[in-house]
Each structure stands twice: as structure tokens, then as C-alpha cells.
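Chain naming follows the written order as A, B, C and D, and within any one chain the residues start at number 1.
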């Protein structure tokens, strides 16, 4: 006999992501990251537990108000968004990426380019 | 979630301390909880999916049955959102009656939350006392609306039944009795040495964390965020001179005491509403129209938001319900439980945030 | 009838152990069952004791509409209850699905598809007195002469 | 201290206390008269307007059936002559959620529950409903099933019910000129017969219910 209560929760988690607010949020995040919606949903289902998933829209709203206030570059790549508010990445990994993006911005002198490169890196990190 | 340690303790889905099925997996080192994970899905009914394409007279009942404990506020927020969409004005008497029923419902909800907390810390005597007071509150709710739990009291443009003169007299006497009861048990709770040993300084949730996790309701007000009470923005409550109650400690004790304080405050509000109850009609009429809105109200557990879109016949096209339990349970399991020193405190901490799984999953 | 059977009948009618399980209700029926514990209704004066352990129970109160997560688990829980046992459906949801029994919802009522239900208490939610009456009127009838019937 | 022990012993060993401890139960609990229980029949005549069925928010909660007085399984408070076949609303416990909307919406006062009727009389409140027909022209196949099935059409234009071409423009809906036209929306009674007759889910009946205070002259 296996674990009594262990069950595949992916379907239940997918049901949570079906509500209109979740759909619009996921498509917006997918747009920001430049990835396909099903991929992002898959990553969310894999990395977040059900309470996080239910709470996604409220957490995103809080990030819009509170998160990454002082740092323009961190807000552009969503440093706190993807680690604290929508926990898709490891904080250490994010710190490393942020440093990389920062040096890149200092070298090239254009924060936009560096931010888009950073988002690329985040995307790769989420997809793996 | 990654495995941090070798001991992973599952609590639930059927557990004596919570009445609804939810499963918490605690990663512990010794008895200290390092992290916790929630497993839901035992109550997912898909209410938002059923609501689509239905007129208000059906969605009203579905909204009530999102949560059986705080059913009145779900009804109220849905109906007020529909009124905002369609521009229906409310007779003043109906607005006051809504407040009376809503506050009665808040009282019974807080009483059952505090009952659960006392039950969880194994103080069954106090728990039973509180349950007895709750029965008195439910009697009054039944007297005003005709039902104990799912009252179906509010409709667009008014309420269903008026409050008779003799009923309001009975309500006043009952409120005085309830007040003496609640004050007595509140004193028992706040001065009991064993209770404070098990409640004070446990699972402290600071103001910064509370803002970051966006907790709402009594959980937020216990951490010192008085502006989280949306009643101070509701027009009828402003007329009644509403002032939120709050505390700074942010531990289990503060969360329970805030609820006790709010019960007393609700009694005051009802008495004030009864004193200034205007005469007049209780129904204004009005037909639901097309529109889109996001409407929030203060449920017993915190901010309740309805995102509604209707078509030209007043039927719901798209609806999302953001219940307070979503934020509270999430913050409780991921922030408050982290660092709790004993597994015995896990259940009491979880209950102190007043979780409502039926709300959370819908 | 043997003396032993008579003693068993007497004891079983005076000591009923109840456990409850929520398979996806709105909480309304849950708190009405809780209200039965209150001093007003005082379920224990009738010799009914509310347990949280199915292994000690005689009667299972089922509330809720049967969500997909419960499909395998309710059966397991039912099998854990020792004989003689009885299940009572509390509220409209386990009987018919109530307002949730519509197209597109995830629920799968009635509960009698999954476990045998001996009695139903209709109402949304039923009053505590109705729940009490159901338990009190059902238990003596079902548990009476259980061993004799099994022969 | 010793005295108190004796006091307690004397107290707990007294016959009254032991008797009370073992045998006293709380008073029998009564349901208050203001509780909205399952609707009962008042004995007034049902006119088969189906308003109660239309407002019921639960699937299968109430049905209006041709029943004998004694066949109705809910008690009748005031009985009519027995044995006569009449239309009667039948409530199904197990589906009914005791919301009391059917009691409030019934124009004849056939049902009663708790204090709903009393309050309605004192406050002079009522529900009115208007009906609108919504046709999805991309789904409509112009088969005309709805106009043939509609009971109002049958009354206005009996020939139409038999499948004959329409003779008047008084009916609720008609297929003319290759298109389904809604002619008299105000005549619709909201029975949803057209919805069930439509093979394509193209026609929908929308009920808009409004809770109002009745005007005094309507009394």
C-alpha cells in the first residue's frame, strides 16, 4: 500500500488557475517573460503549493504597490516578484541574476537592454 | 517544495482541531517548524463556474453558500456590487437593517472562531461557554431573518423582511445579555494564566510581514494595521461613527482578543443602528443592468472582493471571488508557522488566523 | 434472545459514538453539527459522544457534495469504522447536491453512490434539533439485535 | 479547607444532586414560530401560474403537480374537499433550501412558511418579474419549433400550434421572412418551453426579478 493520501494534485492546481483573474494574471506575466502561457502555468503548478496559487492575484497586486520600490532595475526584472510574491525562483539564484544584470547595465550603459537580457535569463531559469 | 529536512509531518485532512478538510505538511527539525505547505482541493466545488450565465436571484444563493459561517456578508457584497453596477439606490431603513444583520453574523462568526481557538488549546469549558453565547446570537439572527445560517436576507434595492417593533425590543434585551456574557468570558480569557502561556508571544507576526503578506481582517488588525478594516469606508458605517479596533502584539492572543473586541463593537453598532433606525420603505426596486465592477466589503475574516461582469439582462458573465481566507491562510502557513517552536502550537496558530477552507476553495 | 444480547442492546442505545466527515460542504452543516455540542442542545446528555476518530465510531455523519478529492478517501474512512455502523447524510448536499448540482461544477453527488447511507436529514442547513432527532431515532433501530440479524 | 471538602461531599452525595446528575435533561427544544421551515399549503387554490417554480434557485426544489389532496406529502393546514384533483405545489425536501422565495412570489398565497406571508402583508412587499427573449441569430436555424411549442402562441393562434402557417401577428415569436422575430415580448410568461424545444440552444428566456414595495392602489 502506498501513501494513503498522496494524490496527483496537478489537476486540482490547474482548476485553481482557471478563474478569470488568474487567467489574466498568468497571461500578463507570460507576456512580460516572453514565454507561452501553458509553460508558465506548468512552472507555477510545479513550484507553488495550492495556497500560493489561490493567492496569486492578490500577491501580484501587493508587488505592484510595495515590491522593489527603490530599485528601478530590480523592478524591471521583477526581483522580488519572482522570489517572494510569486515564488518561481530560488532567492539565491535571483540574487546572482540580479548582480549579473547590474554589471551588464553598468558596462553597456542601457538599463533596458540589460533588463531584457535579465528577463531572458529568468525565463530560462523558470523553464528548466 | 524542496525537502529541507528528513522529518515531514502531515496534519490533516481530517483533524480534530479543524472542522474542514485541509492538509498541512510541516517540515520540522526536532519540533521546530521550518516550513509548511498547504494541500487543498478537498472542497473545490467550482462555484464561480456555476455562477456564470445566471441571474441575481440564483447567484445570490450560490454566493451565500461560498461559506456557511459568514454567509450574510457574501450575500451583502454580491448584492451591493450588483447595485453599484446597475445604479440602484437603497432606502435608508434597508441600509440600517443590513448593518444589523451583518453585525449579528459577524458576532456569531467571531464567537465560533474563538470557540475553535479555545477548543484547540484544550480549554473546553471556555469553548462551550462561547458556543452557548453563539446560540443566543443565532436566535436573534433567526428572529430578524427567519433562518439560522443561510439567511437570504438581502436583495437588490433592499432587504426581504422588516424589523417589527416588538422584535427590536427583544433584540435589545438579548444584546444586553450577550454583552455581559461576552465581557465575562473575555475577562476569563485575558486573565487565565494557562491560556496566556499558550497564547502570548506565540507565532508573532510583525507589521512589516503583515503588509508584505497582505493579510486582512482581525489577523491584520492584531498586527497593527487598523486601516485594513473596510467598514470605515462603507457609507452606513460612517454614519454610525465606526472606529476600527486594533492591537500591536501580533501573536495568537492578540488575534483572539481583537475578535472579542469586535464582538463588543458590533453590539454597540447594532444598538446605535436600532436607536437611529429611520422609518420608511425597505425595498426600492430596480433592475440589474450591464456593467463591470470590483466591490469590496469587510467580512468577519477580512476583505472580501467580488469582481463581477454582467450582461444587459443582469446576468453574471464573469465572476471572481477573492475571499479573505485566501490571504490569511497563505500568510499563516507560509509566514506565521515558520519558526513555531512546538508542533502543538501549529494547530492553535492555524486556528488563530480563523481559516475557512470552504471560502478559500469555493 | 440471550442476556448478552439484551445487555448489548441496552448499552448501544445509551452510548452512541459519532464521527463526522466533511466531503466538501459550505461549512453550514459543519457548524450546525458543532452547535449540537453546545450547552443549549447538549448532545452528550443523550449518550451521544462526538469523536474525531472513525475507529471508535458507530455513526458517520457525512456532509458535503462529494468533491473529486474525496472519491477514494471516503471509502477508506468508511471501511475503518467497526461494525455495527451506519452513515447519516446531513444536509441537502449529500442527498441531492443542492445548488451545486449543476453543469460544469466539479462535484459528484449523491454520496450514496460511494457509501451506503442509512438516513438523510434534509435542510440547508438542517437545524441542530433535526440532526439530533435523526441520530436518536435511527440508532436504537439499527443497532438493536445486531448479532441476531447477522446470523 | 476540611470544611469545604465536607460541604462538597454532602452536596454531591445528596439525593437531589445525584438524581439531577443522572436523569435531568434539558427542556425539549421547540422550533420558534419565526423559523422559515419548509413551505406548507395554506389551502388556497393554486392557479398553476408556476411563479414558484420559476424563482426557485435550486434544481428540483419545487414542482406544481396535479395531485389529490391526500397525495401531497406535506401537511395541509386548511383542507379543501378531499379527493378533488387540483394543481398543488409540491416541495421536495432534500432539494429545498428553505429560502422562502416561492412563498413570497406566489400571487395567490398558496404557500406559507414562518412569518414570510405575515411580513409581506405588513410591509406590502412583492416581487415582480419581467421576461425577455434573447435570440442568438448565429445559432438559430429558423425551424420554428419555439413558435409552435409556445403555449401563449397556442392560445392566441390555435392553428399555429398544429403546424399551420401563422394567421395573426399577436403571437410571441414567429419565423417570418427567413428570420425569427420576437413580436410581443410582454406576452411571454417565462415558462421556458421555447428553450427546451429549441434544438440548438439559440433562444433563451431571461427573467429579471425585482423586489418592490407595492403601491397602495394595487391593494
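One rule holds for everything that comes next: contacts are C-beta pairs under 8 Å (C-beta built on N, C-alpha and C of every residue); 3 or more make two chains touch, one makes a residue touch a chain.
All of these numbers come straight from a predicted model, not from anything done at the bench.
Colleague: Higher C-beta contact count, A-B or C-D?
Modeller: A-B
Colleague: Looking at CA centres, what chain is most distant from chain A?
Modeller: Relative to chain A, the chain whose C-alpha centre sits farthest away is D.
Colleague: Provide the C-alpha centroid distance between chain C and chain D, rounded to the nearest whole angstrom.
Modeller: Each chain's C-alpha centroid was found; their separation is 30 Å.
Colleague: Where the CA atoms of chain A average out and where those of chain C average out, how many Å apart are those spots?
Modeller: Computed value for the inter-centroid distance: 45 Å.
Colleague: Taking the mean of the CA coordinates per chain, how far is chain A from chain D in Å?
Modeller: That gives a centre separation of 50 Å.
Colleague: Which residues does chain C have that touch at least 2 chains other than itself?
Modeller: 39-40, 68-69, 73, 98-99, 102, 106, 124, 127 - these are the residues of chain C that touch more than one other chain.
Colleague: Among all residues of chain B, which ones touch two or more of the remaining chains?
Modeller: 13, 41, 44, 46, 49, 58, 61-62, 148, 150
Colleague: In chain A, what residues contact two or more other chains?
Modeller: Residues 5, 12, 15.
Colleague: Which residues of chain B touch chain C once you look at their complex with the stated criterion?
Modeller: Its residues touching chain C are 13-16, 19-21, 41-47, 49-50, 52, 58, 61-62, 65-69, 71, 112, 115, 128, 131-132, 134-135, 138, 148-150, 356, 358.
Colleague: Which stretch or stretches of chain D touch chain C in the complex?
Modeller: 25-26, 29, 31, 35, 57-60, 93-98
Colleague: Give the list of chain A residues in touch with chain B in this complex.
Modeller: 5, 9, 12, 15-16, 18-21, 49-52, 54-55, 57-59, 61-62, 66, 84
Colleague: Quick one: which bits of chain C touch chain D in the complex? Just the residue numbers, please.
Modeller: Spelled out, the residues of chain C in touch with chain D are 39-42, 45-46, 92, 95-99, 101-102, 120, 122-124, 127, 129.
Colleague: Per the contact definition, I'd like the list of chain D residues that touch chain B in the complex.
Modeller: 32, 34-36, 55, 57-58, 97-101, 104, 114-116, 119, 122-123, 125, 130, 132, 134, 206-213
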